[in-house]
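Dropping the structure in here first, questions after.
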Amino acid sequence: MFYADGKLQYKVRVEKPNPLFARALQQAIGGVEGEIRVMMQYLFQAWGARGPKKYRDMLLATGTEEIAHVEMLATAVALNLEGAPTALQEEAARDPLVHCILGGMNLRHYLSTGLGATPENANGVPFNMSHVYASGNLAADMYANVAAEATGRVLATRLWHLTDDPGMKDMLAFNIARDTMHQQQWLAVLEELGGYEAQLPIPNSNPPQSEHTEHSYVFYDPRIGADVVPLAGRYTQGPSLDGKGEFSVEAAVPFGEEPMLAPPVPAGFAQQEQMTGHTGMLGALKHALGGEG
Amino acid sequence: MFYADGKLQYKVRVEKPNPLFARALQQAIGGVEGEIRVMMQYLFQAWGARGPKKYRDMLLATGTEEIAHVEMLATAVALNLEGAPTALQEEAARDPLVHCILGGMNLRHYLSTGLGATPENANGVPFNMSHVYASGNLAADMYANVAAEATGRVLATRLWHLTDDPGMKDMLAFNIARDTMHQQQWLAVLEELGGYEAQLPIPNSNPPQSEHTEHSYVFYDPRIGADVVPLAGRYTQGPSLDGKGEFSVEAAVPFGEEPMLAPPVPAGFAQQEQMTGHTGMLGALKHALGGEG
Amino acid sequence: MFYADGKLQYKVRVEKPNPLFARALQQAIGGVEGEIRVMMQYLFQAWGARGPKKYRDMLLATGTEEIAHVEMLATAVALNLEGAPTALQEEAARDPLVHCILGGMNLRHYLSTGLGATPENANGVPFNMSHVYASGNLAADMYANVAAEATGRVLATRLWHLTDDPGMKDMLAFNIARDTMHQQQWLAVLEELGGYEAQLPIPNSNPPQSEHTEHSYVFYDPRIGADVVPLAGRYTQGPSLDGKGEFSVEAAVPFGEEPMLAPPVPAGFAQQEQMTGHTGMLGALKHALGGEG
Amino acid sequence: MFYADGKLQYKVRVEKPNPLFARALQQAIGGVEGEIRVMMQYLFQAWGARGPKKYRDMLLATGTEEIAHVEMLATAVALNLEGAPTALQEEAARDPLVHCILGGMNLRHYLSTGLGATPENANGVPFNMSHVYASGNLAADMYANVAAEATGRVLATRLWHLTDDPGMKDMLAFNIARDTMHQQQWLAVLEELGGYEAQLPIPNSNPPQSEHTEHSYVFYDPRIGADVVPLAGRYTQGPSLDGKGEFSVEAAVPFGEEPMLAPPVPAGFAQQEQMTGHTGMLGALKHALGGEG
Amino acid sequence: MFYADGKLQYKVRVEKPNPLFARALQQAIGGVEGEIRVMMQYLFQAWGARGPKKYRDMLLATGTEEIAHVEMLATAVALNLEGAPTALQEEAARDPLVHCILGGMNLRHYLSTGLGATPENANGVPFNMSHVYASGNLAADMYANVAAEATGRVLATRLWHLTDDPGMKDMLAFNIARDTMHQQQWLAVLEELGGYEAQLPIPNSNPPQSEHTEHSYVFYDPRIGADVVPLAGRYTQGPSLDGKGEFSVEAAVPFGEEPMLAPPVPAGFAQQEQMTGHTGMLGALKHALGGEG
Amino acid sequence: MFYADGKLQYKVRVEKPNPLFARALQQAIGGVEGEIRVMMQYLFQAWGARGPKKYRDMLLATGTEEIAHVEMLATAVALNLEGAPTALQEEAARDPLVHCILGGMNLRHYLSTGLGATPENANGVPFNMSHVYASGNLAADMYANVAAEATGRVLATRLWHLTDDPGMKDMLAFNIARDTMHQQQWLAVLEELGGYEAQLPIPNSNPPQSEHTEHSYVFYDPRIGADVVPLAGRYTQGPSLDGKGEFSVEAAVPFGEEPMLAPPVPAGFAQQEQMTGHTGMLGALKHALGGEG
């Protein structure tokens, strides 16, 4: 169960409201790198957690913190919208600035909410819950969480750079710090589980016969052409990261043949010519080429 | 530019076509853990790559390999659909098995494609390109790629377990091996860049003043109640993974106050009572309670 | 800020796990009538609340309760999935029951989560945040909330009817009770604001000149034909509900003319024939009819 | 069956075409508060209507009227686009106004339609039919309809305020009037059915044993903290609106326990450490803290 | 403006209601090949029509007919749902047939609508208005319409084959006939405009300098490998269909170079190593290979 | 299997980077008329091809070419973003131009990608794979392909017109040429199959009894009113295009009756009044009208 105290986790001040920055902040609310995503992702991971209870607890804790991050950002959007233009007056129609501000706004910030935040990204695309990863495999989920916090911290840094409002910079510097913590927290779980090498490959519980290991440590390179620079890196030679193989690199070649599907069944209602081989084709071609048809 | 040879990267055989397994395989085509996602993700990361060319090259190579994985899976779906039922004949209406097979199918496999694959997941939800992560930050992208390959390999293993068709098990054992390689490949980039600690926090290029570091290594625990088990783990004590701080744990407390938004502007067309404080409220309440109104 | 105690708001027991019921329950998690929707809707209404603080407080309180409802349902889904089939063994391929259960499942419950809930509806369609209504107008939002709780309680009742598991029936009877309360709670706000008539029309703050009131109380009936039964109801005669007019009914007639758009501009790159009136048309028609062409 | 006369229900004039206003108008076409939504919602409610025929008739009538509203708005968008810029000429690249108008446009209004409307909202997000509510319960649907017309009228009023074009203001004043009527019309159905109290709770047909009524009239308040202002309102005391209970308010407490899911099944392919309790954890932690490992 | 008479365009009878067929029929309502799509597509093409009025009229007429097709199908779904199971009783839990029917249903047909149609496809995915094509170019739109009616008629034929209900077969035979008409109708417009050759390429109004015509009639074949069968068809030789060129076939080769993007700007917050060329890479690689590091 | 050479199919130069044009170009990447769509559509048609192998080969070839088109456009977007503004500095806040450029940008081009392309359209809406048509019927697919290339060429021409950058105009002139070829290529298949008349109606393999041919060649006109201009065109008279009938035109009339659904079942939990005929209605109406109630 959940409780609220109505206060913000960190102070949210806006000195110079800016409707365009309100729109930009939406990316941190409803973008794929945003806070609704991590809030829901950690909560669903907690609620579906099987295995050691300590990970359920940790996920629940951080998922709960993230609700407060959405709250902070929604507040920041509302404050950035105060004073936003709401009309295309006749003079404004000739004033590029009003048009420009309105044109750059998420118009739903006026039309749909009366100057409040939406659960959308910076382009006004609503957040879609398919982005909530909760795989039932702890290591896979931890990497999904690191990815979310890494892209999230990149986003927060860009927002920090975009604005020159001291209040917004202050709030974002808090968010950036929390993203730092959360990145490390999920990686620390991997270390705690025995180190990330021991966790590889993920899942580390699949039976040996489920993998053709002769293909497990080869970089297949499907690039062709005289100018192609051969690849050489940590992933083309040396021991594999899981300690079970040796990396190598090979030109990609097909191990399979051309696929051959059965002809269309009558119930599929393909064209008759697909089913029969369409003898009419030759004639059509001849005709087109000026032949006798 | 791209080229094709029409052959499959690995052989795709189906001994006992099964329309339900065809539906399950769709998750590996159009699911968020699937091959369209990694194909598009690596290609977009390559096409937007800025910085050392070797990463563009590697991303392009592996993105190109993934197109062939979609090809293999689409072929596997089509082969699993051969012989699928296409009618609810009178006898079938009483035969649970035909109904059951049709009911368990992705009906679009008959209705929309005439027994071919779709770019959808196992529930028939079309893939949505918002899942393509290409952040411009190499480390963030590498973690997104590891997450994709980790959830992808979990999925492939579950599919391998689900089926007992030898041909499908063979194909999936190849896919599982490639996911092993790709997981390590992206992690190897982090190692190559100087080790994953050096990459933390991501981005590692934000200026110091953009982060309130006193919040960067603290686990804030918003869990309350007498029974709550305190958290203790790698992420609550010891040096931080980036070597720049020391982990600690604290009960979460608000650093901010209750937010206060300005009253509705007239142009927002809130209810009059929102704007005036609605003196009518008291009377309504009294009336409801049997008072004088 | 938010807090959690890790306990369920109400007990969640499943005596006879049923993967099909797990799928049905998803509608109450990620369906448009479900709990993620009300949770996010009330929280966003709270975070964007302008005007009397008491409504922000109430919305925040109930939004916080709803997080716990998602938690209960996610737990119920996970418990219903315990023991679910995860394989199409050779014998099973001939056993309709295993196929049937797998076919009726949300396959992502195995493939994507390893037997946990997803933020999707009963068809596996992920919840989309466009369903979060927070208009900035309190009365409009209250009606949106009543609608959500009314469809939500209909859904919960149908789920209660669908299952015969005593634990599930018990949990749903709690949910149904909470939906009862929440329906009334939002209507009570309208009463508190002065009664629902006084709130009509919504918004009640638009200026008189913004409405052609001669069209405000007429039921325009565009139904035609000899058999059409004329409408007569509370909305065709008698005083209007806002006390400002008298209902009437009229056959719908156009007050406007046929619209006429300008011809295509060259920069629109319509077909030349669209721009010129295509004199070739007559010839083509004649030719088709066997004329001289 | 449906018929058309090609005329507009109300006249649509645009004196000063404005591409930004065209984009804003899209919210009334393809937004969640818009006309496609109500058109499809009322038609689907009509087509699925079970019970008294008069409601099917009424829904069909008003659904048919709404098609004409989409027609009016699509015409208004097309007229607002006439004269819109379609080029970034060299001089324009330095002229903020052209950039500004193009930047504020829905670019698909030029690129995809050649100056016509789209079934999208003001941010260019296409309308998604999941917003069509037709629950089979008349009262639930009526509230969904009121909610749609209430948010719709708020939107129309904001659009009326946004523009200063006399033709557009005239058209919107007609739309606002129709929204007035439709709000009342759906509420009048509730009155006609016996009054809204008698309709509560919705559905009013569920059996008594399906509800734990001890939770049906209590406001559970999960807000905590010394500063929290206790809630007092129509919904915390006095008779419930359905006349069957008495409102009260209580601090929210959990009635359930901590949930406990079964451990991962092998077929779920969690990490081995999840399944075994991972004894390696302690060592890892010791190592991290500088212990013996 | 639009009118309705409440009657079905063609009779809709269901002798043996079948919830699985109800789900299949949904593809014809809310699928991409379905009736909502053509209804909205033709209406939006009509409402945005610029140029000869006769095409607006025709599009409006057929768009209006299509509303009646949605009505017929929605009725057919509702009738197929009558008698559908709504409970998982104890006995049913062991009866594969009930589970099978429920498992094969769109569960929202019970849970969300109480046995009525939804604007979704056969997988329960709601229709998304991005499928409405109205390009402003008449020929492009006509081809989009033919495509819609062609896939629509394939779908209707498959549905006709799937069912053995005489009433449903009767209704679908009407739909199939209408799809025949509509396919030809849109092609007839192309003929009327001067013949389809004259309409090519679409748009036929772009200026000559906007096209590098040396690439306009060549089939570039990017297939490689010893086994590749060379292509020969109507499109590799002979006069082009627009009469302006001669088809040929060539192996695809790049006309461009490798792309080179600028390095990351500091404000993009890439990793430092991306911006500097990361001299640490060599050491990491050496270390991995057992060298001196 | 697929291969890449890292080169662009055609050269991509940008002389004057323009972030607004970068946003416009996105329509050609992730719009419904764009290159991701055709790439995936042709590849899925190839992978599901049943019948003559030559069509699989051709589809595979052109699908492979289209990957290179996405590559070119993604490169063009990245180049147009170089130099884009990334900050709202104090001075900029007063400079309309910076606001204007930022306001007109896809903000995700900075916030989410660090100046790279996204798989989205010009409004930032991610591409959705439901647009991939692969019906299993060759003729239906060919028309879907023509429609895609026709709308695609209209789009490319509008982009060509929009920009004045010589490099961009050069690249688009190549794209326009390829769209010319691809339009004709798919139409040539129809000719090769025996001519488009022989392919009509699509599918041409459905059994005669599946069609009520008396409705197959009639234009039903549901337009009414004194002013309605009767339709006359190639589709209202003369031989049908498939040579099997004669076109005619008739006023649309219903061939069916009013639909009548069964009353709500108890398990649907409609309102009691829906199930009983609600005798309370009359009283409510009387009361409203001032009667005795």
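Here the chain labels run A, B, C, D, E and F in written order, and each chain numbers its own residues starting at 1.
By our rule, a contact is a pair of C-beta atoms (placed from the backbone, for glycine too) under 8 Å apart; a residue touches a chain by one contact, two chains touch by 3 or more.
Please read all numbers here as calculations on a predicted model, not as lab measurements.
Here the chain-to-chain distance from chain A to chain C, counted in touching steps, is 1. For the pair chain B and chain C, the fraction of shared interface numbers is less than half, so the two copies use mostly different residues to meet.
Look at where the CA atoms of chain D average out and do the same for chain F: the two points lie 25 Å apart. With centres defined as mean CA coordinates, chain F is found 7 Å away from chain E. Chain A has residues 1-9, 32-33, 47-48, 50, 57, 60-61, 64-65, 68, 71, 75, 78, 86-87, 96, 100, 103-104, 110, 112, 114-115, 120, 123-126, 128, 130, 135-137, 139, 151, 154, 157-158, 161, 188, 191-192, 202-203, 206, 222-224, 227-228, 233-234, 252, 254, 258-259, 261-262, 264, 267-270, 284-285, 288 in contact with two or more other chains.
By the touch criterion stated above, chain B contacts chain C in their complex at residues 16, 18, 20-21, 23-24, 27, 31-33, 96-97, 100-101, 103-105, 121-125, 151, 154-155, 158-159, 161-164, 222-225, 227-228, 252, 254, 259, 261-264, 266, 268-275, 277-278, 280-281, 283-285, 288. Residues of chain F that touch chain E in their complex: 3, 5-12, 32-33, 53-54, 57-58, 60-61, 64-65, 68, 71-72, 75, 78-79, 82, 86-87, 110, 114-115, 125, 128, 130-131, 133, 135-137, 139-140, 143-144, 146-147, 149-151, 153-154, 157, 160-161, 169-170, 172-174, 176-181, 183-185, 187-189, 191-192, 196, 200-203, 206, 209-224, 228-229, 231, 233-235, 240-242, 247, 252, 254-259, 261-262, 264-265, 267-270.
Chain contact summary for the complex, chain E toward chain A: residues 154, 157-158, 161, 224, 227, 233-234, 237-239, 258, 267-269, 284-285, 288-290.
Chain F makes touch with chain B in their complex at residues 1-9, 30, 36, 40, 43-44, 47-48, 50, 57, 60-61, 64-65, 67-68, 70-71, 74-75, 78, 112-120, 126-130, 132, 134-137. Contact residues on chain D toward chain F in their complex (touch as defined above): 1-7, 47-52, 86-90, 93, 96, 99-100, 102-104, 106-108, 110-112, 114, 120, 123-126, 136-139, 188, 191-195, 198-199, 202-206.
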